Every structure is written in structure tokens, then in C-alpha cells.
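Take a look at these structures.
In what comes next, chain A is part of two complexes: it sits with chain B in the first one and with chain C in the second one.
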Partner chain A sequence: MHLQKRSKLLSDCFRCMSLMEKGMSLRFKSRYICLTNRSMSDFTKHRYENVADLGHASYIENIRCDESDPTNHSMDDVSLMYTIPVEHYKRMSPAKWNNKAFSHRFQRMCSAFGESCLMIRKPGLELVNYLKHTNPEKAVNRYIIHGKTGCGKSMTLQYALHYCMSNNWLILPAYHFWDNVKFNYHTKLKRKGELTVSQFNKDRLDQPVYSLKWLETFGWLNQKLLGEIKTTTKYIWSKHESSEEGTSLSALVDLGKARPRHSTDVIGCIMKEIRLQDHTTMPSVLVAVDCINAAFGKTLMKYDGKPVTTDQLSFMCNFKKILSNDWKNGAVVGALDTLGLRQSETTDLVEGEHPYDLLGREGFDLLDPHILIHVQPYTDQEVLAQLAYYKDCKWLIDRSLTAAGEAEIIQLCGNNPADITNYCAGLY
Partner chain B sequence: MLYLVTPLNFFLDSRCYHKRVTLYLCNFAMWNHCLKCFALRNINSLNADIQVQLRQCLLAPVTMVNKPISLVIERYISTSQHLHRKIRLMTVDRDNVNLQLKKQVRYSEDYIQHKIDEHNLGVRRLAAMMGEDPDSFTNEDVKKAIQYLFPSSLTAKPARPQMEHPSVVFPAKIKLQANKEGRPHHYLFYTRQPALYGLMHEAYDCILDLHSYADKMRKMGQRPPKPLDLGLTHWLSKEDIEKEVLSSKISDDLYNQFITQIERLVEEPYSEKYKDFIMKFRRKLVQRELSTGTLEKEVGKDGREFVRCQGFRKTARADVKLIANGSGKITINGKPMQEFFNIIADRETVVTPFIFLGILLRFDVEATVDGGFQGNWMMLHGKQYFHDGTRKSAMAGAIRYGISSAIRLFISPEQIEIMRRGGLIDIIFKLVC
Partner chain C sequence: MAHSLQRLLLVRNIQWTITKQSICVIPALNSSYNKTFVPPNPDPKFYKDDVPAKDDELSQKNIKPAPSDQTYSCFYDHELHRFEKIVLRKGNSVQTRQLIWRTFEEIKCIQLKKYNAADEDEKENIELNPLKIFHQALDNAKPLVDVVSVSKGGASYRVPVSVNPNQQLFFATKSIREELWKGKPKNAAALRLAKELLAAYNNEGGAVKRKLDLHKEAHANRAYANLLHG
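Showing the complex of A and B:
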């Protein structure tokens, strides 16, 4: 036994010297040099501990609103987050295909959190108040949402849409209207099938690919209401196909999906029915358009070597008729957008990006008279509510909730909602 | 410095040529050891007389000196076979072995003092020759005078005529590190840094002492005191330790080892007892003078103080106005920072001085910026397809420099030193466009 102990000691000693000379890592060296019987925990005392104070956001108690129906929201609920029920969210943004109702970042965050929450803000409540007091016997009102990039124009539009959905309105969606005005396929071979000469009017062009998608979203949004609405006239599509009076809109939608050649004409018929019918036979209609200034600008498409104008597209012609105030029993809500514009067009804009510069002469003439709804950046209270919500979802932990971390977020992003979400997505 | 010679071939080569080889070796123990072995192995191929001398040299103890041990091998081999081959010079620098003794005996202090007086006199004479004031004749003037009086076109600079202080010519005395028999004085001599390891052992002795002291106090029922507060000091850097504490260079690992050992001392309770020992290796943060001119505080209409300053980076120039008692608003060319800078990295560069010092949302900034890739000159003369508001990092750097130089008036000098070490004040001005 003694020999074994002695040999161990000697081997340890030799190991010490050889380690020091060979250049082993510092941790082992320090252990041998100090020659203590202490445990490893004494060396790990320098772990980083958050001694700093917590920021304002972590002391907020009221984060969520219990009501999931926007009809019951009031000004007391400003800066609170309410959850959209799962069924409604699936109708608004299904997982089968990406209709660009919500931005891609918002969809990913919702799947991470397991819930979809929107903030209740003043412009949203203003819009919903207007929609509550619509008179179905009078002409349609137009509402235009404008503001700086990233302030929440699309979100207020979706808030109003959720209100209308829960009150059984018929919704005509047009998300990310820039897609209508440019090709979907980037290769020339596939672009050939995107524009075809329409059968109704030879001067115009059809868009079968885009109108198929549009019909899918339209049918998925208004699942049950379409079966109750009936047409008033007969439509002849071709020699052998025709739809008679009294066919439901759901049948029309199915026909359009099955026959892409007639899909844009089907859309035109739907819009015509909406304009003709009254509140007796039809529910209220909401026309929700995101990026409405795409309809009054240039297209990025070419047909036969010549550039295409918006008047040549049949979808656009029918859509502009609905944007006018010739019909009753509904509302038109449109949100402006600057990010989709091409750079050559942005340089022509006046400083400040006034909404009327984005609409142009044509748009102003069409949409006049209208009501402007200005979406402003977050107030200080709303910023803290956003950060408190992230803390509740455990999206932000530890360091970004201290006073210093909060101040950093606020100083860098300002009160811009989009900047805060994009920045906090990279923090811990 | 290393000439790799195959030693066996060298000695067994029987061709006839004159050859003189010098092997300058490094001061590693392994090399010296190899040298010895190699010489001993091939000693039989040498002359009998030289064999005896060699054995006496090599078997003597060699001290670990930080100088190259030179093996001067000379052998002259004649052209004809029947002439006697002489391996004339196979010497080991015996002087190197006992060089310390030799040096000490050779140059006495009086001798060196005499040389110093001569040098001083000579400098004054040189000044008189050149027609200048002898009291204010510096070392550089001496060099220039000698270059003028004794011009030389030699490429090797040590071979040119020089006039240097004797402290450079006669190196400092090296203390005796070993006995006559070769036994070293220091008990840690065979570690190559006895001074450093000696300090570490000293620190460990202090730790053991504190352990027993702490046990005593615990038995008496006293609580341990607060940990040692070292204040605004920092550890000596590696270069400082090499200069002051030791005479030789050390590696990074050793330096880290040394500092962990003393940090271990600092962590112990009751370490105030050995505070003097610890503070030998700590230095205060030095404050230096403001180097970019004078800045003054002014008072505005609201009653808030503000400072104006300029900043630059590459070809961007900024005029920055820092206002106290603010709420963190930053406006650049009339626009808020979040509109002017699309990229978040640029915003972060502007805000780094505040984050570094922990002062956010307390100051307001108003700045006007021009220059760089997105400046007016490039917009007019440059190509048009890159001007989308994203390439503004030079402007951000200019504003950052302006803020960091203006914020010095609101801050203590120790924090200024911290900013300097963070690289916010002393910038390298690069003209890259």
C-alpha cells in the first residue's frame, strides 16, 4: 500500500512539471499550483449575475384583454393584447398556403407562441366605431389608413376584418395587392400562362393564376355565407356552360376554381352581384384592400412586348368599380404601402410621403370623398405593454428586461412597432 | 541563426577543403544537451590533444545563461593526402561558462565612471566643434554630428562610427547566480523564471497563513469581513512585469498563471493583511490630458447645458451638439435617427458611447452630417443605383466620435480612461474613400 501511495505522489509530481512545461490549459494548471483541497465551485464564483434593476415593463400587470370580440372593446382597453380565436385565425391566414394577410414574421411568431395576439390601439377602435354605425341604405363609405412604414396599417385592417368576421359580414380580401400587378413566376417560360386575352372583352387581359388564388382565399374566408347568397341573372360562360338564376355564390366559386379560363370573369360576376343586391338579400360587405396604391400605379408586366396598364387588366377594372361609392350596404377599407414601390418611383416622392402623393391623381379622383385614419407610432405606454407581453411569452429573458436593456431597445428602435419586433426577435 | 548541419557527415568527410563553420545555437537546454552528446560521440575522430581539452570543457557544469552558446568549429584540410590533417580549432567558448565572473572582474566601477566622464567631456567638445550650446546638446544631435564629421557608406550600421554612452557599451552587471562549483543560489533556479515562481510561492504561503487565521476567527465566533476593495486599479500588464519585476520575458500562459494566483489571494477572507503585497501589482487608471483641443459648456435658452463638437470618420464630417437633461432624442439633419439610419448597426454605433458608460435616455443630440458614400458629393458625381439610404456607416462613425469627445465634459476622469481603453477617443484617421 505504501509503495502504491508513494508512486502515485511521485507520478503526480512529475505530471505537474510536465504539464507546466508542455503548456496545458490554465484551469488544470491553477488547480495544481494552488494545491488545495477546495472544490471546483470556488473557481466558478465569477458567474455573471444580473444585479441590475428590472425595467418598467416587468412591473406591468395588465397585459391581456379577456374579450376576443372586437365589438366589445372600448377606449379603456387601449394597449392591451387580445387573442384571436383559433378558428378565426385559421380562416384569416390558413396554413395551407400563405395568403399575405399577416406578414411572414408575425405568422412565425404566432406559431412559436401558440397564440395570435393583436394590440388594441386607438385607430383600430376608431375604424370599428365607424363600421358599427354604417347605414346599409346609404352609399358606401371609404376609409384610407395611412402612416409611416412599420406603424401598423395592415394590423388595423386585420382588426377591422376580425370585427366584420365575427359579425357575419361578407369580406372581399385583397392582400398584398402588389402581387396582382407583377408576375408570380420569375422565369419567362412560365409567365406565358399568366396573362391571357379575356373572352368577355378582347381589349382586356385575364389573370387565371392570380384569380384562382383569390377565389380560394375568398371561399375560405366566407365559408358558410356564400351558400345563402344567390345570383339574380343568368351568366353564359361558353357554348356548353352557363349558370342560371339562383345559383349560390359557392357554386360560382367552385366553377371558377375548376375552370381557370373563366375565373376572372367569375370574380367580375361576384362583384356585380354585390353591387346590385340590397341589404335584404345580402349581408354587409367589407372590401379590405392592403396596399391600395398598387391599383393606381404602374404594372411590372408586359404582353406582346408592350407594357401593360392597369386599365387593361380585367380584374382591376372590376375592382375599381367596387372601390367607387355607387353601391350600398358595406364599407371599403384600404391601407397604403410604400415598401413595394420600386426604387425609381420612390425617388419621385415628395419628402414625408404624403398619402395623396402615393395615390396620385387617378386614385384621389376615384376615392374622393373618403375618411383618413392616421396610424401613429407607439406611445410610451404601448411600448412597455409590448415588452411586457414578450416577457409573458418568454420571448425576452434576463438581460433585455433590465433597465439598461430596455433603454437600449427604446433608444435604438424608437417607438416604431416593426423595428421593435425585428430587434427583439434577435435578443434573449 | 540555426545552421542545420549533419554532424556525422561533417566529421567523417574526408574530402579536402577549407572549412569554417560556426554553429550559433539557441539557449534551450535541449540543444545544449544535444551538442554535448554529439561532441562526445564523435570525439574519437579528433586529435588526442583536443580530446582531452574537450572532455574537460563539456563535462563541466554549464549554467543556464540567456545567451547563445557558440560552437566555433574550424578545420583546415590540406589539398594533398600525405599532408597532416589538422583540426586546429575545436574550441568551446569557455569564456561563456564563467562569463559573469570575468565581466565582474574586468570592468570595475571606477573604470566605468571614468569612461562616463570621458563621454560627457567628449559630448561638450563636439558641441563646441559644431558651434552649438553644449548644455542643450542631446543624443540625437550627437548622432547627427558624427554622421556629418565621419560619413560612412557601410551597410552594417553597427560598423559605422558611433559615440554612445558607456552604459550601453558596457552592459549592466549580472549578479552571480551560482557558486564556483556551479551550485545556484536560488532554490528555484532550474525553473527558468525563479523570481516569478518565487512570488507565486510567496502568495501561496500567504494563503495558508490566512486559512489558519480564518479558522481561529471562526472558532471565536467572528464573521468574515467584506471582501477586499481594490478600487479603480488594474493589474500590471505583461510588459510592465517584464520590465519592473523581472529581467526576462515571459509567455502569456505564465502571465495568466501568475495573475490567477494573486486573484486567488484576493478572494480569501482577511486578505487585507497582505494588501501591500497585492498592491505592488496593481496600477491606478492614469488620466491623460485632453488631446483634441478645448471644449466648453454653454447654456441654452431652456437653461440646459450643451456642448458643440466635431467628429469625423473617413470622409464624413459631423457637427454634434450634446444637450444635458434630455430624454434620449437624436436628430440628424432634421430627421430622427430611426428615419435617417435604416440599418440597426448604424444606430448602434451612434449609441455605443452611452451604452458603454451606462447612460441612456439622459442626453439629447442634434447633429448635421455630410460626406461618405451617401454624402452630397457622391450623390452628384457617383452612380445612382446604390443610393438607397443604407450605406451610411461613415456618417454614423463620425457622429459617434463627436458624441464621445463631447461627453467627456460630463464625466469623471476615470471613466474617460475607460473610454479610451474601449477605443472611443483615440481613433486612427484613415483616408479610405
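Showing the complex of A and C:
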């Protein structure tokens, strides 16, 4: 059967070839395609010739900025990359534990390159300019960063944090606030012992595991400043334990780490001291919160079979007091987040991605007089600057630097920063 | 080859549906395209050059239509494309794409750390392109000779036989795949694949060992090489 088919086709072949040579009719010509001077062995290999046409990104010369201090950056330095010094980077994201300041992919790339670089962009410069002109004798300003997913909201937050660290501010970090409100699904430990009744107020619940982690990051970020700040009142933890006036904050932090039962109350005392003291005894304070809209919504936790609200958690009650503008000598910066919403089904249904839809009525009332900072996707100059940086670090080689490869990257990813990093990770 | 495939299908009672748009050079069983049809080349410049000469082989052959997996992008690679279809057991293309994406990222991270820590003399020898490591690893795992059992006169002999390029590819990917299955699922699949590709690039590991065992068996039975033809 197979041979009969073959013979028919062969006879058709020879008929058409003879017709083509004579130039008889176009109907048979259109069936078969003419080819160039190639041999059979080339079909198994797709020959890619190294074209000398390089893309636009390989002709850029100015890639890096020499200054590593964000106080001296200006609008002339937009789209340049500056390196974070090694000591500061170890404080922001230590290798001991994962505190989610930076994403997992960014940390891996930094360990491969041997350096950590951030891009200078316009919303970052705007924020730092506001922070430079803070008045320590007036009430606290609130700044909210919003934008689409993957545009760089948490990176601008880290840029402002680096500015504050280099100018000796005290920092209260809260990275990935969704962990406080949901269980961490990446670890499969049983979470029965996570919530306990607090001793200060019996209507509220404690979170010993989460507050231990928080105290560790807080102590690691502000290593030297904690020894100089002293308390103003006496705190009684139990019958036999109490801390008197004049104890330093570093001693409080050590107490909280040793006694997980009192760790959430220690955090409440630290926040109370920050609100009470003036600029004479205390450096200026930055409250940096990532995913701030986790504080105004539902939780996924249960206690005694009933769902838990955010007002029942003692950590959140203390934190919301600091998000208000009752105190002086500092600033509050918060970034919104939409990716954490889609992970759960029991959170409130949000109408849209506008910042006021995400905050809700409760969040808006708390943060009412605030300043919005909009983070937009890359401009054309910034896209080429990032690809030129990847070429400098030898992350992109060979095919992706040509004109055709570059055009493909830009067309697929658009001007979205997160998409470019995810796409260029597996490219050659 | 076709005869042995038919036997396998009867034994397992599988309905083998071969699509019209298959790229492999080995002819499919019940395809509507003849054996003489040739797979297409995904380079547009290939077909736009000058008029062919009279002695050109391909000017007298027919070409199959291109499948939807083939693209004209500069990142397309024929061997990678075939590798994707064989690595996983059931061929989920979305999962394989993610796997290969992450393995190339892991390879790049490992090699860059070596590069930044090495002296200037050693920097030239370190390869940073993951595609070239992939090609070299497969080349090191491809056998030149295969062994087939032939029965003659009541006795069965092991006879050495030449290998097609597609058969070579399949053997190499299969040996890498069995190494993957030995690892623990606790570790990420991308990490395991990256380490095996780097081991094959350096002529180490289980994939290269299988090829060497095959070559030994063929060398031992080289006296029976004439049994197939004679």
C-alpha cells in the first residue's frame, strides 16, 4: 500500500518537473518549492550565523554612577545604576535568613554578579527630596507608593531606606506584610502554637513566632543606634521581671528574643517610646512598610474555631497607632501590593486596582492626609540602560545582544521591569 | 526501525496518532506525506537567496509544512526543541519551558561565580553561554554505535549497528532523564538538571557512562558486524 502511494506521487513528480521545464502551467508549479544551493545535511541543524548587527544597547557608554550615597544624586543621574556598599547590603538583606526585603531572584543575581546595583529613577528622587526637607518639630508625613505590578514600588522603598540608613535614621521595617496576616504557605509546619492570648489585654492575641523574626531584623538593621536610646517609664512583664527607667532599647530587644512570651509586648513598648520622645533624645524615624494594604482587610487565621480580625491582633493594634500622624520627628512610607490578594479566596472582594480601592474605607480614614507617589513603567532610555548593564555583567551573551534579539525582548516584555528580569534570566 | 515500532504498538495496545506536522526525519507510519518529503527550515533567509543550480539535491524535493512550534526568532534551536519533547514523560510543553528557563538561569549563576573568582588566565576557559554547554553535553553523551540483537540459526547474537542523528539525540536525552529520576524530589528539578548538564560537559556522570558501556559492548562484538547484511 505504501509503495502504491509512492509510485503515484513519483509519477506526478516527474510529470510536473517536465511541465515546469517546458513552462506549461502554473497550477503544478505552485505545489513544489524551489530551494537554494544547500545540501541535505544542513536540514538537521538550524545554522545561526553570528550577525555583526548589534542592537542599540551595546553602544551605550554611561552605565554606572560613581556615587554610592543617595544624598548626592540628582536628575542628571536618571537611568544610571549605582552600587550599594557591601556593609549596607548585608544589613538590608542578610544571608542568614530570608527577610524578603528583596526578591529571591534579585538576591541570587547579586550573589552571582558579586555586587548589588539599583537603578536611579524619578519617583525615587522625588521621595528622597521630600525626606530631606522633613521638619522634626512638626507632625509626621505619610507617603504612599502605588503603580501597576512589576513597576518597581518596593525598589523605590529600598532606595529611600538606603538613604535613611546612610544618614543614621532609625528604621522600623515591615517587609511582605502578608505574612503577618496569613500563614506562610511555603513552610509546612503546623501552626497550632502560633496564636496565644496576650497577658496585657485578654481580648487580644499574640504572635510569638512572627514577633521574634521582627525583632531579629530590627536589631540587625539598627545595630549601633539602639544602645543610645533610653526608655522613660518602667515596664512590668510579670511578678519577678521588670525593666526600669533608663534601659536601652538593645536590652529590650534581647529580652524579647529570650522570652517569646513577652515579645509582642516588647514591640508595643518600642513603638510607644518612639511616639513619646522628641528629636532631642531620638534620631528621626522611618517606618517602611511593604504591602500596606494587608493591614486593612481580612485575615486567614482561626482561633478556637472562629476567624480572627485585625483588631484582635496586638501587633496590628500597635502598628496602626504608629501609622497615624500623632507623633513627630519622622516619616511613614508605604507601598501597595496586588499580588497577595489573588492568593486567597476569603479576603474581601476588591473592585479595582486603584489605590483607594485597595486601601478601603478603613485605610483611607487612617491615612487621610497623605502624598501619593506614582511609579510608572520604564522609559525607552531606561530599558536600554538595563540591557546594557546586563551586557556589562555578562548575563546576556551572543544572541540577545543582536538587533533581532533586542527587538524581540522589547516587544514581548514591553517596558515592564519585572518582565524583563524574568525573561532575560533564561536567555542566551 | 519501522518494523520494531509496529511490534511495540501491538504489544502495548496504544493508538498511535501521528500528526501531519512532524519534524522528524524518520518516516511516520500512517502519515499522508511521503518518505521523500523533507522537513522545513525555520530561517526565512534560507528561501530568499539566488536561484538554485542544476545539481542541487533539494531543488528536486518536496517540503512539509511548518508546525506551529517553529518560530523565526533568533533564539530558536532545533536540538532544544527536540529535547523539550523527550525530557518529560508526558510532554507538557508549558512545564518543560519553565524547566529549561530555570536550568539556564542556574547554569549561568554557577558559571558566573566561578568566573568572578578565577584569575585572568583561567577566565578564557570558562564557558558562560548555557546553550553551548547544552550542545556540548549532548554531544558527549551521544553514541556512535548501537547494539541490536539478531537471531540466526537458532542463536541470538548482539550485532553493532550505525545510528541515526535523531536516534543519537533520543539516547542522550533518555540517559539524562534517567539520571534526573534518581535524584530526590526535595531538590528542585532545575538544579538537578543543571548539575547533570555540567557534569556531561566535563565528561563525567552517568549519561556519559552509559555511552561508554555501549561502545565497549559493540567493540567486544565487532566480529558479528556482517550478520545483518549477509
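The working rule: the second predicted complex is superposed on the first by the 361 of 428 C-alpha atoms of A that agree within 3 Å, B and C clash if a C-alpha of one lies under 4 Å from a C-alpha of the other, contacts with A are read in each partner's own complex, and residues count from 1 in each chain.
Quick note on the criterion: contacts are C-beta pairs under 8 Å (C-beta built on N, C-alpha and C of every residue); 3 or more make two chains touch, one makes a residue touch a chain.
Keep in mind that this is a model prediction, so the values were computed, not measured.
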Discussion item. A:H56 in the overlay: touching chain B, chain C, both, or neither? Say first, second, both or neither.
Written reply: neither
Response to the item:
Between chain B and chain C, the one with more contact residues on chain A is chain C
Item to complete: Kindly classify A:D419 by the partners it touches after superposition: chain B alone (first), chain C alone (second), both, or neither?
Response: first
Item to complete: Would you check which partner chain A:F113 touches, where first means chain B only, second means chain C only, and both and neither mean what they say?
Response: second
Item to complete: Please work out whether A:K394 is in contact with chain B alone, chain C alone, both, or neither, and reply first, second, both or neither.
Response: second
Discussion item. Let me test your reading of the model: by the given contact rule, A:K321 touches which partner, first (chain B), second (chain C), both or neither?
Written reply: neither
Practice prompt. Scan A:A404 for contacts with chain B and chain C and give back first, second, both or neither.
Written response: both
Practice prompt. Residue by residue on chain A, keep only those touching chain B in one complex and chain C in the other, then list them.
Written response: 33-35, 42, 45, 404, 408
Worksheet item: Inside the complex, what are the residues of chain B that reach chain A?
Response: 200, 204, 207, 253, 256-257, 260-261, 264, 267, 328, 330, 336-338, 344, 347-348, 351, 354-355, 358, 360-361, 388
Worksheet entry | Residues of chain C that touch chain A when the two form their complex | 25, 34-36, 38-39, 41-43, 46-47, 49-53, 56-63, 73-78, 100-102, 104-105, 108-109, 112-113, 115-116, 128-131, 165
Response to the item:
chain A contacts chain B in the complex at 23, 26, 29-30, 33-35, 42, 45, 343, 404, 407-408, 410-414, 416, 419, 422-423
Worksheet item: What part of chain A is in contact with chain C in the complex they form?
Response: 5-6, 9, 13, 17, 32-40, 42-48, 108-109, 111-114, 393-395, 397-400, 402, 404-405, 408, 425-428
